[in-house]
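After this come two complexes, each holding chain A, first together with chain B and then together with chain C.
Let's look at the complex of A and B:
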């Protein structure tokens, strides 16, 4: 699988992860996005956008978001997504098997 | 080698001495061949789109079509001086139709030859055949639905919408809000069965189980009091999207079983699937039942998986699942307890009351 993004396998630096996610969302929203802004409340999280965000996180951070992890609570804010990425990358060697 | 569709989806008309008598550059007051107005209207009512490929001055030709009262029947007319095969190719791209679903009619043999040479899949007809086109099998679709009758308006609304979206400078979300979306959910009737069947067949990306429901099956489900077959239509300020979704529901006392949710790809970006599920969750909550949905993962319907899970469906086990027959191989059961939540503000939803009769009667009795 080829992606535009270089998969970053270094130890998790949450600022870097947050920065990449924020940049992605701001390009979508065409507006600034705060780290703790509730994206569902601001209406950004339609299922199409959610799907795109899932694919973005998977290709950028080398993770697979499946099953029970695919829930609104993990995607409501930038902080939630950073926590999800950290947890999935910390899971071990098979974290990037998507 | 030719790969022609069984039916023509778009017929492209030449103007001079084909649609109208005479040559516009010589006679600005050309008139339509009298019997062709009826042909144009007949094909339009069958859901066949029509356009124009003419060598003329664009402003003059389009104005004349307006004056003759037929301009509205032609989508994306191509008037200019380039080869007609290019016009037809461009049109097929804009409509996302295969060349084999396009047809072309022209009085000039060399124009037809040019199109036949460059686009061998396009059906070409001489002008003499114009009045008999509606009698041909390739211009006679098997079924004519409400959506086929308004197909042209749906396409035209789509062109305006796309143009406005491309020019819109705000967020996608604000654009959606600006559309004034109205979703209407209704119980399917006999009349709509053809379109419902078509939706279960064509919506591979957005079909939760990949099950195709034949018209006879749907007719039986409509007649069965335990089942609900619901159709979903959407309109916005540009016009109708037509029938865009179908839900098949089997109702048990404590749980409603969503056997199928399929939506058209055209409305995925509107959040249609999520809006349907939110409404269904609230109906289930008001009826005091859980929701269980069948989902068969494929390599194409992942967006539906995300839609379900973002709508609070989980893999968690629940005693209500025991009421349901065992799922087919490869089908996952997703579950939720149905807690009432306010609906999103991007779409107005009009829908029937799905609560069981006992409940609504108790309510009207003041309980």
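Let's look at the complex of A and C:
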């Protein structure tokens, strides 16, 4: 679930992030993807695609997903990913920790 | 001293096996003749290790082992076991096994990750055939929990005990089979992939259709052609040739469509395209 404060803090940026993630996933799925759609249930989030998404998020948004953030629950929906990106971008001093 | 695993060859399988071992707390010395390949391998191993963590495939509370990369086979001296994962060509395997066999102490388990060359044929390259065994890891080896263990006619009991201990440490389950070209998995899978490629080449069906039928009708997890892209089409072609020669069966010869893809540099996931297109290579 995306918490309200994340959206409220920077609505424009979150919309941009969500748009880029959705476009990426829709190209992969060759079908529309809703922001709250469970990608594991819809079959898109396979074990191999999960890591492709991580690499995509890292290279697109300049973040590093490491340690405790490397959990499938962070990638189940577009909303989950938007929240993760917002948190890792806003939390600069910890974002690069290996 | 912490026991160390040496992996020879920093390609898809070598880096995957390295990630598997590191994730289970074993330090690894990864050897390749090409320094540029080793540099790329560091990033690849890191990505694969993170992939394992993402999927919950590494044990909790175990610190990752340390990775050392080197161009010197001599650095394999003193390791717990050596895994050979070089290109699927008998001459290359012969050369590296001959070299490493003269460097490690007797009793050091020598493991070939060959997908099709008989272990007893490779045993001719080593000083102590009883120390040699086959472990056919599947890609991605850090996610697939089962391995095919190949006991050659000269593989020793002590080697088999060491293999069991190593697999326990790596959280893998092995099925031990007898020696034969292609063993069980490649002997069955590779001709199926070859035929699937032939069907696509003949225009009978698209890759998506072949995989959809094999998944939807026959319960294959991803379909043979997605599996082929994961294995690597160059490796598949090499392995098919190796089996064809040893089985005396031309049916195992790689079909034109498979060879065309290899010739065009479409090697599967690792090159960004094979039967399918990929972004952000993960292996």
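To be clear about the criterion, the second predicted complex is superposed on the first by the 80 of 98 C-alpha atoms of A that agree within 3 Å, B and C clash if a C-alpha of one lies under 4 Å from a C-alpha of the other, contacts with A are read in each partner's own complex, and residues count from 1 in each chain.
Keep this in mind: a contact is a pair of C-beta atoms (placed from the backbone, for glycine too) under 8 Å apart; a residue touches a chain by one contact, two chains touch by 3 or more.
Because the structure is a prediction, the values reported are computed rather than measured.
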{"item": "Partners on chain A (chain B, chain C) - clash or fit", "value": "clash"}
{"item": "Between chain B and chain C, more extensive residue contact with chain A", "value": "B"}
{"item": "Contacts of A:14 with chain B and chain C, given as first, second, both or neither", "value": "neither"}
{"item": "Touching partner for A:31 - first (chain B), second (chain C), both, neither", "value": "first"}
{"item": "Which of chain B and chain C A:71 touches, first, second, both or neither", "value": "both"}
{"item": "First, second, both or neither for A:54, with chain B first and chain C second", "value": "both"}
{"item": "Chain C collision site on chain B, chosen from 21-29, 57-65, 93-101 or 129-137, when both complexes are overlaid on chain A", "value": "93-101"}
{"item": "Footprint overlap on chain A, comparing chain B with chain C", "value": "46-48, 50-51, 54, 70-72"}
{"item": "Parts of chain C lying in touch with chain A, wherever the complex brings them together", "value": "47, 50-51, 53-56, 140, 143, 222, 230, 269, 278-280, 282"}
{"item": "In the complex with chain A, residue positions of chain B that touch it", "value": "169-173, 176-177, 268-271, 273-274, 302-303, 305-307, 309-310, 312, 314-315, 344-346"}
{"item": "Complex contacts: residues of chain A adjacent to chain C", "value": "46-48, 50-52, 54-56, 59, 65-66, 70-72"}
{"item": "Chain B-facing residues of chain A, complex", "value": "28-31, 42-51, 54, 67-68, 70-72, 75"}
